[in-house]
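One structure follows; several queries about it will come next.
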């Protein structure tokens, strides 16, 4: 059968990325306890396409995902990308793995356990050098400092999302970024809370009012002090309970 | 050209609904001030398909939407469905029109105006008789009564959505259902608020704590008293600010 | 601490459903090979609320999910709902578990294996009796019979989704419904295909052109013959490649 | 009332962007015929926040949107951003306006008209200089060249999306980018087609098979020749009808 994809192209246009997008796959990832966590991922895997070739070979991307599906931990990403480059005869390879990551948390007073889900993403590229971005999304509660200050009682508050992306020169765990973000909000969120926990969280959150601007800065401070972090981007979105839109703040910094 | 859709079918299976789904269209709808509001809609239009026929003619649905696009108000729905039945030689026709509806609201203290969007839906069917359901989604703030009661200060609160569906024997305006839902929450939401408004809303909401269960019941009470309402369904979802999941309550009642 | 939820309510309005919505949880489900499949679920768990009580106790729902998280197979649903009823002192309990289910499939010619994801849902209720609906979503290819017939060559085709819901009086596996839907489309979908597979699928699909109406009926036929099926609902949506909207057909039948 | 937002901040962290996100608003935009098109938009409006200040004033963003809501055409963006900078005492302002844009199209043979929706975005920034990116999303049909070549008959095809972003040094209309993308696919899409149109499109598409790579390149070629274009990014996604995932290709180029 004719291999149209390998035929030569006359248009003289190099493509930055070609490949498969939105592959929903069951994967396993090593967590901080060095045990495997099973989860579902949405995966994009791309290579560059030199101007000489008409198309890429989409099935090879899936063959590689198949081989690594039982361990898609951070430590395997470089190998996947090198294998992808070789298989597709490309100079660059790029992968994005979006997944739900579950952490067993204890409630603050009653100490009962439940799983909280954090949407995470591995974003990695390989050409001559390897580049890796870890993305962690952490839901947090935000109590509005302005509302608290100007009101005789109460303060509007709401669920928000803190998205942290980092480049690192040493291992940083998802759990570490989660803790930084949860410390920066008015309160962390929990799946299971008894009433004594709810009382504690309500009062703690009211004692720590935060604008989206505050949460971004209070995440940035420990990242600034951390020698492993070489670049970060922080975006915080607050689903305002008094508006039908969101408040937003962000910062991006290379160190 | 052969008309395959009109050919006879041997499988002896009547289909309840066939047609077009997810048609994104610019429409106009009459509002309470009898002026036309321009908005965008997502439209489904279906008929039944008797077991004798293999398929329906999808283009005719679009031709009908085209004719009515400049006025898709409630009063035109019956005509659209009758025309659809005739055009497709069907016994039943059914339409769903999902659209953003904008209401110009004044903030509670400073009285400045801004538009709030309410996702609404017209759901109408015509066979021997005409059936119409009006759906209105109203974002509201909910202050948790339990959190307020057990905490020394503060109370977790959040944005929620109150969905009301009604069948009626007389005209009920979207604006009326919006007001019922906004009265039933701890506070309405606004797009534009100055600080004096934020103070008012914070205190007002704290003075009116509501569970999702309360909001459903406080919407149901005025619907129960309203002689125009013959059936209702109320669903309230609260995007809990202390959890990463929602609280939910609902009731459906024929009167 | 005062238990506000348990206090009496004066509004005389019984609520059909109250509880937790959108809980994202890691679960395990037994598959046809009797081995556990790990996946992620989005869970709703509700009870009714008699008119005498002001609210439900949201944390108890999560405690129950926690206990069953390691085995949320079909066979456990009745126990979960009975436990929920007892824990919340309710007459009705209702659960919805939406999850990605992965099946290892072999490509039609080269016989290489890859995982395909099928979005499934368990919908179960318990009052005096137990009710269970199995929902399976199966992506299929649809080649348009009209386009094939009227054109000198080619035929537009596209990805579609066949949603089957069934009530049963005997065990029906997800895999069985997947196979029925895949047989009813022009071709099944695969995550990994080599060129010989692509040739086979292209020709096979062209030889089996199907309208959405055909797919619904060709799913209904084997369900009609199956004595285990007591009720079914079939909805097929085709993401038309020549339109920016979808074609739709459905049937619901109690037997 | 104390103005907490204006108080000084000690954390020494400048924020790139703070403001409102996801404001759903009814807007009007001038189209190529110089008439106003009414549509709905989802708007983000941000400024930078110097390290000296604790927060921004969210209500001022909405006041500005209110003033420009009746004409949010391209020509007004610079004024909006300058006004936002002044109102918030900021150095940078940034706006993103995502909206559905409708074009009345004639079908290729029968010449009947219907509206097609194209999701567009204005992305504009103002600091010392003004930067503007026009984004247009164009649904197209893609017939797979490999499938056509290796199969005795038929060819799998599907709906895809071509996203074009451009920076320009002269006016480029949305309609121009739509036409470039529609020429680059195997066939444009239409909301309303009669059978003679469907025959034409089926044969035309089969005669013009395109990989995602081809569509990207065939969009890039006219952009390369256009002296008004100073930068472009093209991303094409094909919702493969034989897979449950997508094929993807992209290129970004500054000229």
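Labels A, B, C and D are assigned to the chains in the order they are written; within every chain, residues are numbered from 1.
Here is the rule we use: a contact is a pair of C-beta atoms (placed from the backbone, for glycine too) under 8 Å apart; a residue touches a chain by one contact, two chains touch by 3 or more.
Worth saying up front: this structure is predicted, and the values here are computed from it rather than measured.
Shared contact partners of chain A and chain B, listed by label: C, D. Between chain C and chain D, two chains of identical sequence, the interface residue sets overlap for the most part, with shared numbers making up over half of the total. Note: centroid distance chain A to chain C, computed from Cα atoms, is 28 Å. The distance from the centre of chain C to the centre of chain D, each centre being the mean of the chain's C-alpha atoms, comes to 34 Å. Centre-to-centre separation of chain B and chain C, using mean CA positions: 25 Å. Listed for chain B are residues 1, 23-24, 117, 146, 150, 191, 193, 195, 199, 244-245, each touching two or more other chains. Listing the residues of chain A that touch chain C in their complex gives 1, 3, 23-26, 37-40, 59, 62-63, 66, 69, 100, 102, 112-115, 117, 191-196, 199. Across the interface of their complex, chain C is touched by residues 116-117, 139, 141-144, 146-147, 150-159, 187, 189-191, 193, 195, 198-199, 201-203, 205-206, 239-245 of chain D. Those residues of chain B lying in contact with chain C across their complex are 1-2, 4-5, 9, 11, 13-24, 44, 46, 49, 54-56, 58, 145-146, 149-150, 211-214, 216-218, 220-221, 224, 237, 244-252.
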